Every structure is written in structure tokens, then in C-alpha cells.
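Before anything else, here's the structure in question.
Residue numbering begins at 1 within each chain, and the chains themselves are lettered A, B and C in the order written.
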Amino acid sequence: MPDQITVTVNGMPVVVSSGATVAVAMVLAGQACRTSVSGQPRGPLCGMGICFECRVAIGGIPHCRSCQVLCEPGMEVTTEN
Amino acid sequence: MVAAARAAECGVRVGIVDDNFRLGGQIWRNASDHARSNDARFDDARSNVSQNNVSQYQNNEAQNTEASRSAGWVRASGATVLCGLRVVHQPEAGVLLAENLDGFCELTYDKLVLATGARERFLPFPSWTLPNVMGAGGLQAMVKSGLPIQGKRVVVAGTGPLLLAVAAYLRKHGAEIPVICEQASWRDLAKFGLALSVWPEKIIQGIQLKRDLAGVPFASNSWPLAAHGQQILESVTISRAGKNQNIPCDYLACGFHLIPNVELPLLLGCGLSNGCVQVDDFQTTTVPFVFCAGEPTSIGGVELALIEGQIAGLAAAGHASEAKALFPKRQKGRRFAQLLDRTFRLRPELRSLPSPETMVCRCEDVPYSCVRQHRSWREAKLHTRCGMGPCQGRVCGPATQFLFNWNPDSVRPPVFPARVETLAAVTGQSQRQHSEVTGGQS
Amino acid sequence: MSNAAYDVVIVGAGIVGAACADELARRGLRVAVADADVVGSGATAAGMGHIVVMDDSDAQFALTRFSQQLWQELRPELPDDVEYEQCGTIWVAADDEEMIEVRRKRDYYGERGVPTQVLDAQALYRLEPNLRAGMAGGFLVPEDGVLYPPCAARFLMERAQKQGAKLHLGVPVAQIGRGQVRLADGTEIAAAIIVNAAGARAAELTPGLEIKKRKGHLVITDRYPGFVRHQLVELGYLKSAHSVSGDSVAFNVQPRRTGQILIGSSRQYGAEHKEVDHSVLVRMLQRAQEYMPGLAQMSTVRTWTGFRAATPDKLPLIGPWAGDATSGTAGDATGDKSIFLATGHEGLGITTSLGTARILADQITGTKPEIPVEPYLPSRTAKEYAHA
């Protein structure tokens, strides 16, 4: 695996080190992972996959817990509504 | 991990299942000997299955080496490792239903060791939902997962020894820590420090921590009052020595000690005492053939978890006398657990932190003003949907328990969100029959 | 505790009890409500909240239609958290045989002035593209709707309280007697009339009531807005609801306003414990996946069960209780009208709660009921058994 990986977050390319999670990519990109029910921006809280705040859509699939998913080259991640 | 290793060494077929993609749970994340095993089918195994979800406590260099050693031990022992797999239900006795990103499988067992660990307790305060407000262990996990922290300002707040460990870790990776806010009183902390004298290894850890944290302001009797920011965290107001102080920062690492993950044990029918899984000397729960070790039996830290894990693994494998040899060490560890409990109990001021608009249920956006009107967890859940979101009350449950003294509900499957097709899986005995009837299924 | 005298004490703070409390208080009666749990508990907390006109029988149709119209009238006053949506029901026909049933329903509903639409396959998929291919068509009832029952019950109860109704929650009702209700802690609540609206537990308090618990399962998913737009029910549902014995499942899904999808339904007799029965859950979810394959990949957040109160003839019991099921007396010339029933609603409690409240209140106050009440009178049961 290459040392650095590029993924897209909301259309923007983000470079992370190999082994980084998608949640890290979101925080690096300064993008909220999701918008809450009442419209608040949200990001990772627990970092261990139980709070469900870090959910994003990956390749169109919704409700992915980004702190539990490793970045792979070319992944397309979008903030979840 | 140690339960699996010990049991496997006794010659039993062992499988170890973990939701995380690498062994080691929260603290030992990225243990260097990592593996990604995606064996989705495990239908015919007769095995001891151990689920290691999280054990959030402490962290320093020595631990990392220990972690690599344990991971290596697990592999060498011959145990089968199934990472990225989470147990969601037990549809019939001795059969667990588990799911990963690609599919699901059944895990059959004769004996089960539950090592589901603990999670952080979060308490609501104004704007705690802002991005970059995370748990203490939460931010640590993110940094371990690749989040750069060099040069970032991180306020560490809450309660428990995890705060110091996290602060030390972050600092070592280049973070600037304006302050560590511990809500416990100076007196309780001093007593804690004195009591540590019976555990020499903890004194050594303490000294190490002190060195790592030299120059980092530490405030007892201190807690967060509010986070501030437009779309993202910009600063935190804390209460310190009776005065409010506003601190600009990049991250707030805030957690109020640990809550045992008892959901799966409860689903299996294990009895609780004082909110923890009840076990006997051999770490057997009230359910036959089901053992439990580590944080779910009492929040006592890594050392206690390691001892209990070994006892459970040995007992599950039928090696009672070897298990017995570890009892004295466990006894010592349990005293430490009691000390933690006493020292880091939550102070009543923390109940007044939320404002009416503060979200208590983050999944369903239920504010404090709505939740507070109700008289029980059940009523609040029914009428506001607090606790009905995907976290299944793991965040707001402990919070409301502290805020309002509410007792939680019973646990129903799935113990973790699971796909419809997973829950709809025909398991065990009925599987072959069903295949014949419907013309076969994979 | 004080023995305040009321005109009516209602046992049960579910949606039926709440609707009755609201209606009776509105008519100026002094009302008390007793329940072991919170408002909107029991089957009200467990059910789907589907407001549906059903035609198993003329009597069922009359009550559900009457009630559905009352919900529509009430709609503007319902607060947001009741989540009332007039999304309509589509009865899904899997084959031509079921389309015959669709046309029969069209005629039946049409004769009674309920707007409906027969959908051919094309029309069906336009409305619900996520149904699996090969369906024959469907029957759309656009005035049906869905809501969130616990909050609807709370709304009705709060209205009752504003009119002076008093709640006694958290203590189980131990006994219903003449002119008083005794709680498990010894408290006695005195009233001229007692209404048993205790749902699945009604028979515990009124011995002789032929009410059986019919267990149901439900599953709710995470948010997938737009996947389902109407409440979808398979026409085979009627077979399931019809069967007097035996376990059955049927395809029945509902879009919630949150975008979550509620998946049902199941029926079991004789199941007393409330644990989720995995084999039933499996059958129910497999049935659901058969009709909507896209459900398979959806994340489920919770599963739960509830108990419907089922009567032998599938119609609720609304009216005075004669006290002896075998007496066979029509009307209530012999009995003192101190105990009334408002229970046995099976899967239609939410729908018919408002209609039940009206005709119950009519009977209590001696007003001419808005729809004929004979089919729902408790005194009918003895006669019906003879014909069963």
C-alpha cells in the first residue's frame, strides 16, 4: 500500500496517510460527517464506532461509520444528510 | 485477546471476534502485528468465541509493546481471528449471529467469553455537538487512526485516569495542551495518589505520566461549561477555581470515565450487579457456559482485564487450577477498580451543565427541555424518541441515567444495528430444512 | 389518598383510553384515568400507527371509516410530534387472483363513498418503484394515513386534562368493582361508571371477557427517505388477520416521517412472553424482502413486540358489560350499567380510537350514536358464539 492515499470528500481531494480512517479524512478536510436531524453539523465523537455521529456516505452507500472504515485510494465520500 | 490465547494454548478451538478492523480494541489499536481476516463463513465451528470490542483505559509505550506481544500471542496460539465482525444477536442457544461490511455469518460455540470492554461516558453541555468536540479516548483513537495533532491546541476535560493518559499521548504527538480539567476534587485525587502506593507498577506509570505531562496545567475541581463555535469548535469555557475561563482551542477531548458495555451480556440473559456483569470466581456469568472478563465486570483498567481474561480463557478451556493461580492478582486488581469508582464519581454540578437547547439525544436531536419533562427513560423514549436512534441509547442512556436517575430498558436484538438480511437469516437447525424448501441458499 | 368521586374512571391510558378520556371530558364529565405505565404504552407504543379503512365486515368498515374521517378532522390540531401523514395505503396484488379482490374492494369502498383507485402494474410501479418486479397491481386508498401513536395518545390525554381529567399513572389497577377501581397500592378511585380500556390486559380485570393476546413483531430501520411512499400491505394480510388460530406473517411496511421504515407484521396466538421470537422475525423479514428486495441491505435499529387485544369475531367491544358472557341477553335491561368496555381492537386500535370514543360516550351519556353500535356491543358476543 502506498504511504499516502487520496480520497475525495464532497468532491475535494484529500490526502491521508495509509491506514487512516475515513473519519480522519473528513476532519482533515474540515467537513462535517453528517447533518443532524435538526440541521446541525456533526463529526466523530467516540472514535470507536458506537455513537454513530461520524456517519458518511461512501460511494453512495449511506450510514457508514467513518471511524470504522479505512481509506482506500479513490474512495468518494460525502457528508450525510 | 489473552482469553483467546490462553484457551487456545489449552488445545481448544478458539475464535476471536472483533468489530474493529484490527486486534486490540480501543487502546491497543494498531498493535503492530495486525491482521485483516474476512472469513465470513464459520458455520461448522465448535469453538470458544471471544468478542473484544473496546477496553478504554490508559495508554503508554509499555502498553504498546504489551499489545504487540498479546496480538502475537493470539496468532501463535492458533486461535482464529475474525476482525471487522460484530455480533448482533443470539438467535438460539450457542449460536451467535454476526455481521461485517460484506455479509453475515453464524458462530456456534460451546463456551463463550465476552470481553466487550467499556465505552466513555458523555455528558451534555452547551454546544457539545460541535465538530471537534470528541471523547478523550475518542480523540486519542482518531490520532491513532491517522489524525495529525502536531501543533494543535487540545483542551482535555472530564474525569478519570484516561484523561492523563490521553493528554500524555497527545502531547507526545505534538499537541499543545492548555489545561487538563478533572472534575474530581483535589482531596479525592490526593487520596487516590496515596492509595496507589500498594501498586508499584502504577506508581511507576504515575511517575512516567508526570514526566510526560511536565508543564501541562492540571486543574482539579474543574469541568467544561460550554463549547463555542459557528460550524466547528473554536473555544471552550471551563470552570476553574470557581471562575470561568475561556480557552481557544482546536479540539476538546472530553469524557467522564467509563461505562461497561453490557448490552450483549444482557441480551444473552446475564445478570448484572451494580450495572456490571455478575461473575463468579471463574468469571462465569449467571448464564451457563458464558464467561465475562474485563471492563464489563467492573471498570478496573488494563491490568485487571488481562488477569480476568486469562482466568476466563483458562476456565472456559476447562483448566480451573491454572485459573485459580491467578486469583490473588485479580483480588488486587479489584481493589483498584473500587478505588477508581470512589475517586471519579461524578459531582452534582455536572447535572446543571445542559441548557434547555442542549441536545441530550444526538441521534434524534432531542433537547434537554424536552427530555426533562418526563419521569422515566421509558416515557422519554416513547414520547421524545430519545434513545431510539442508531446508537441505541449508548450515548444518551448513561447521560440521562446521571442527569435524572433513570433506569435503562431491557435490551432487544439487534444489540447493534444490523442489516435486514442479517436478521432475516435462517440459522442453525432450521437452515438445512429451509434450503430444501426454498431450493437452496448460500 | 383521597377518594375523589368521578363520573367515569377509565382503566388504560393507551390511545383508546386517551381518546375516551378526551371525548368524555369534552362532554363535561369528570374523568379519571388509571394505568400501570405511562400514557401511550401497551399496544399503542408497539403498533404501527396506521389509520386504515378495512372491509373484513360491514361493521369493521363502518367503524374504521367513521374513525378515519374523525382523524382527518382532527389533523389540523395535531402537534408535529404526532407525525400525521396522509400517505395513503396501497394494498398490493401479487397476482391476478388478488386483482379480483382489488376490484371487489373498489366496488365495496366505492358504494360507501370512500375514494380509491385501482392501480395496474404500471401505475403501481410509478408510485412505488421499489416493489419487486412481477406484481399485478394494487388498490390505493388515498385518505388512509399514518401517525406516531404514543404522541397521539399524549395529545388526546393532555386535551382531556385541560378539561379537568385526572391521571393516576404508575400503579397497576388491581380490581374493577361496582362503582370503584382499586389500585395495587390500595388507592380506591370511586366513579359511577368504569371503562375498561385495558387492551390486552382487559380480561384480567373483567373476568369472562373473551380477549386473547395476539403478539406482533415490528422492526424499524435507519433513515432511507423516499424508499417507500405509502403504507404498503399485501392482500394476503387479510388471510393473516383472518386466521383465528396459528401464527402468520404478512408484508406490511410504513414510511415514517423521519425516513425510517417500519416493517411488520406478524400474528401469534398463545405467546405470553414479550421477547422477540427469532423464528417469527425471520419469517416476517423474509416476507418483507420478497416484496421489497431493497430492504435487505438496510440497517435495522430496533425490533420489538406488542400484544393486540383480539376478540373471537374480530370486532371490538364498545358498550356496557352485562357481567356474564353466557347470559345471552341482548341489551342490558338486567345489568346495572356501571361497567363499560372499550377494548378488543386487535390491529385497529389506533384507527378506531376516535370512533370508539364517540360511540362509547354516546352510550354513556344516552345520546344517539353517530353510527349503529349493535355490532360492537359486548352483549352480542353470546349470540355470535352460537353462530361461529
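Keep in mind that, in the parts below, contacts are C-beta pairs under 8 Å (C-beta built on N, C-alpha and C of every residue); 3 or more make two chains touch, one makes a residue touch a chain.
Because the structure is a prediction, the values reported are computed rather than measured.
Colleague: If you average all the Cα positions, which chain's own average lands nearest?
Modeller: B
Colleague: I need the chain pair with the most C-beta contacts, please.
Modeller: Per chain pair, the contact count peaks at A-B.
Colleague: Just curious, how far off is chain C from chain B if you go by their C-alpha centres, in Å?
Modeller: Distance between chain centres, rounded to whole Å: 42 Å.
Colleague: Using mean CA coordinates as chain centres, what's the gap between chain A and chain B in Å?
Modeller: Chain A and chain B have C-alpha centres separated by 22 Å.
Colleague: Between chain A and chain C, what's the gap in Å when you average each chain's C-alpha atoms?
Modeller: Taking the mean C-alpha position of each chain, the two centres sit 43 Å apart.
Colleague: Please output the residue numbers of chain B that touch at least 2 other chains, ranges allowed.
Modeller: In chain B, residues 389-390, 417 touch at least two other chains, as defined above.
Colleague: Touching two or more other chains, which residues of chain C qualify?
Modeller: In chain C, 222, 299 touch at least two other chains.
Colleague: Among the residues of chain A, which ones contact at least 2 other chains?
Modeller: 37, 63
Colleague: If we count contacts the way the header does, which residues on chain A are in touch with chain C in the complex?
Modeller: Those in contact with chain C are residues 37, 62-63.
Colleague: If you look only at chain A, which of its residues touch chain B in the complex?
Modeller: Touch list, chain A to chain B: 16-17, 19-21, 23-24, 27-28, 30, 32-33, 36-38, 40-53, 55, 63, 67-70.
Colleague: If you look only at chain B, which of its residues touch chain C in the complex?
Modeller: Chain B residues touching chain C: 89, 91-92, 375-376, 378-379, 382-384, 388-390, 392, 412-414, 417-421, 423-427, 430.
Colleague: Of all residues in chain B, which touch chain A in the complex?
Modeller: Contacts found on chain B: 19-21, 26, 30, 54, 56, 101, 119-120, 122, 129-135, 137-142, 145-148, 231-232, 359, 362-365, 389-391, 394-395, 417.
Colleague: If we count contacts the way the header does, which residues on chain C are in touch with chain B in the complex?
Modeller: 37-41, 45, 81, 150-151, 154, 170, 219-222, 263, 275-276, 278-279, 281-282, 285-286, 288-289, 295-304
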